[in-house]
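Listed below are the structures to be examined.
Same chain, two partners: subunit A is paired with subunit B first, then with subunit C.
Showing the complex of A and B:
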């Protein structure tokens, strides 16, 4: 059997030089040359494992003992992509048990959740295993995300599994749960966007847009300083400005937020976008903007978009150059 | 609405109401009673200024806690600086050039055992240190310089590209690090050590039909790989239509609803990747393939 799980589990680890199975192998030292640079003071076990790995790798040996050696090397440095690559070559040559291999890499991933190589290896395996892997892969990323709800690798993997192997059924529910736990989790909002636009079960953005707008506006109302739902809201109307302008809920939301907090930059800039897209401001909206301006008597603009822009220069001083440039584009 | 806020905040983290599992899979939320916790309504989460909020304060989310920690940490630093006497302040704000130069120069020769985690990234170690010294306006002595060039030549694969160490598979990121180290050194010997024809062949092998690049043979495809490939190709003047074709479209497909660029299509927009895109687009002189609106 192409043993891939860590059988070095309970047993004491035997260095390669003392393994009978490797007795005929001449370890190959690293070709650093006579005057090395960036020379790492490898510990004895690291040195030895890599010397033996190099020997088998150079010989192109695809055997069970080579597979075991790659496991040793991976445990010492899970970032060695050459070792991972060779391991894949050996796994294929030995027609190894892929489920056991997934168990092996999952253990490495749990202690190295931000390592590119482990996630790539998982993707390679999952692709080979096929749709049967979907559930366990979703369980695994769920576990990783429970420890760090924004782990970029975990999210990428989860998205790849959804699109390649399926498992969309409970994904919107999962997004709800994560947003319930942390409504500021932009990764969860991003995932929501994927589900709403790409899930084969939900009917696409056009079908989902209405309920999503309600959901998002509610999130905004509870935390207007949360940037994520504002961006998400804009994303719901991507490429369709006319529909965006026509949806009264949006301008109403901006207005409601501004009535409570006239310095909310997200509401102001969203409003500015709407005005640029042709929103005809209601009397109530005009009144609110005038009230904001009256609290700062310096301003007083006939053009409401220009008024919003000048308010933004006061409320978002970090981007004052951007807003003053933006104002110049409004004069046209 | 307000009552729902208090129901959530009184529940300890991780303790879910049993009815939550009956979430309808796709339709709009039930317009039924706001008390219905199985409807698709978004969570409350952490706004202490909510009018009429329940007796308990809403719990803060992980994001809010992390944000507050960072702000508190930064505030501490500012406070210390602000409170320091003028003499102390100027010492605190001074860059310790000599110590940095010593650290970098020593590191170029020897690194502690803990660096074994970067054993597949040694050209990066060269680059970070050589570049750091260059920024500090320091020159390397000739022996060290020659040894670095020699080492990187040992990392260069005979078929093209640079790996993380001698004998390792060539990789686009380590190629980026190696080439940039050699360019920073800038000597005739350093530059001529780059086998440009082979590097081109390696990159062509890494090219994917989507227009993007793979990091290494059988490796991952993403925006980083595109940036490292195009950047290096441009630097050594091997960037042609064959390498460039489709890269723009791939990167454009990585633009998200937020307007930023993700590592792969559909992933979340990421700050450092956006910087990579900006640099790439300057290299490619294609500014109109991404929506800047």
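Showing the complex of A and C:
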């Protein structure tokens, strides 16, 4: 059982019924009803803390002892949103120290990193604190992401802090770091896209596209069986299919990957998209596809896109219906 | 060195002996599930304690399951309705997750859904509930979960779904609501919790569902999103929620229902998914 008010205390936890400060409070039991639906059995401590909480909540109390009790309730169940609400009301009434409060919620968040209430509470606080909170919030999400680099809540919070409070300067570098640690991290690729398209200091997608294509192609060459950079590549060209088709680096990348591993579904799929967008296959590319087909005497197609589709149906049987549908779109 | 092996679909999906054995399991143990839900949890488990505040949603999940298994009669409808209404806040028009909890859209939807199961919408002040939700729509079309202002596309779906069930969808600014959801669409065709947020199957379900209810599915590139969704199927037949993550049975709902809404469910391997789900039993 944690101690109240965010103290790191080694002190023994005192149940509410034995706290002098709460001696005048009559605890309120839960009004469960005669035959509770999906009923829950309660444990002693939990019972007691919540009975006292209910009493103070019902009385509309806004005191330091109420604040302390909400900390107990939060430690017991940080998902209890009603306790968080009440805590915020008390914090406002007491005009409490917001930085101290952020320290308190950070401790809860560290052990409950996927809890919606803690992240919302942090955002509520950060909004009040303002741009001064940017650095510490970025430090905090960095810490959480170091434990789980794909934590959706942490990413949402980080994105909000960037856009509301700033701190873009080192964000691209941060994405580089995360991708070095795990190039398969889809969240990091998503963040990269956010930075490249929305950072006020990088110049926007058009300015960044060239270097980003190089970066992404390199990531693909190291690990072709990685869904994220292939999608990222598409994102770099947004709706501009002509530019995408014209960028030789990309069709070259597909070819290089397929020469090493002709079953790479992402490369085949990307190639298919390029062909459908009007890519004129080089002789080398035609040769590679033919060689794949020669491995299977059954498939012999005049149309290279149809050939690729046919290969995909064999290489990715889980999605055979998708690839056969794709093939039907090629007849036009 | 290029492989010259003959293309053999079967060899690419060779099953281990283990997989074959598990496949024999094959059946839904419906009676056991019904018993699990209907029996009061006497265990003093930590898990039960920490779910106290979302009991309304727990009720919805449990009762819907009973209904799907044609066992809804196993519970007393009148008692359920009474308990649900004890979670209602007449002054705001919202429902809390349990008796004594503050109103929130999450539990408002669950409450309405539970009442729909028992065909008891008559007990509701539908206009008041609609007002509660309408009051939570923001200027940019998004929805807050409650008065504290948390915004998430989940709440867009929840608000739209609730109002649709109450036949009062017209009370919100539907156009703006749709506009906000579309602003959360990513280049992979998926949707995140907020604009710029990573595409995630759970958020996708919410956005696709909301667009479907409001007759706005034309904003979705069904083929692009359908492909992203069918790419969620892993080798073990299960579905994940994002690229390069592990399969989890919950995504069988988020991904599957999204695929069904956009009419692309035939793009996944249903048999393998069914086996995965049964292996989670």
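As a working rule, the second predicted complex is superposed on the first by the 320 of 332 C-alpha atoms of A that agree within 3 Å, B and C clash if a C-alpha of one lies under 4 Å from a C-alpha of the other, contacts with A are read in each partner's own complex, and residues count from 1 in each chain.
The definition used in the following text is that a residue touches a chain if its C-beta (ideal position, glycine included) is under 8 Å from a C-beta of that chain, and two chains touch if they have at least 3 such contacts.
Just so we're clear, the structure is a prediction, and the values are computed from it rather than from any experiment.
Asker: Judging by the criteria at the top, classify the pair subunit B and subunit C on subunit A as clash or fit.
Answerer: clash
Asker: Is A:194 touching anything from subunit B or subunit C once the two structures are fitted on A? First, second, both or neither.
Answerer: A:194 contacts both subunit B and subunit C.
Asker: Considering only touches as defined above, state whether A:169 meets subunit B (first), subunit C (second), both or neither.
Answerer: In the superposed model, A:169 contacts subunit B only, not subunit C.
Asker: Once the structures are superposed on A, label A:76 by its partner contacts, choosing first (subunit B), second (subunit C), both or neither.
Answerer: both
Asker: Once chain A of both complexes is superposed, is A:223 in touch with subunit B (first), subunit C (second), both, or neither?
Answerer: Only subunit B is touched by A:223; subunit C is not.
Asker: From the superposed pair, tell me which subunit A residues show up as contacts to subunit B and also as contacts to subunit C.
Answerer: In the superposed arrangement, which is not itself an observed complex, subunit A uses residues 30-33, 35-43, 46, 54, 57, 76-77, 79-82, 85, 88, 116, 120, 123-124, 152, 155-156, 159-160, 163, 184-187, 190, 193-194, 198, 231, 234-235, 238 for both subunit B and subunit C.
Asker: Across the complex, what residues on subunit A touch subunit B?
Answerer: 30-33, 35-43, 46, 50, 54, 57-58, 76-77, 79-82, 85, 88, 116, 119-120, 123-124, 149, 152, 155-156, 159-160, 163, 169, 172-173, 176-177, 179-187, 190, 193-194, 198, 201-203, 207-208, 210-211, 214-216, 218-219, 222-223, 225, 229, 231-232, 234-235, 238
Asker: Looking at the complex, which residues from subunit A come into contact with subunit C?
Answerer: Per the stated touch rule, the residues are 30-43, 46, 54, 57, 76-77, 79-82, 85, 88, 116, 120, 123-124, 150, 152, 155-156, 159-160, 163, 184-187, 190-191, 193-194, 198, 226-228, 231, 234-235, 238, 259, 262-263, 291, 295-296, 298-299, 311, 314-315, 317-322, 325.
Asker: In their complex, what parts of subunit B are in touch with subunit A?
Answerer: Against subunit A, the touching part of subunit B is residues 5, 8, 13, 16, 20-21, 23, 25-29, 40-47, 50, 61-64, 107-113, 115-122, 125-126, 129, 143-144, 147-148, 150-151, 154, 163-169, 171, 215-220, 256-258, 263-264, 266-270.
Asker: If you look only at subunit C, which of its residues touch subunit A in the complex?
Answerer: Of all residues in subunit C, those touching subunit A are 2-9, 12-13, 37, 40-46, 48-55, 58-59, 62-63, 75-76, 79-80, 82-83, 86, 96-97, 99-102, 104, 146, 148-150, 186-188, 193-194, 196-200, 226-227, 230-231, 233, 235, 242-245, 266-269, 272.
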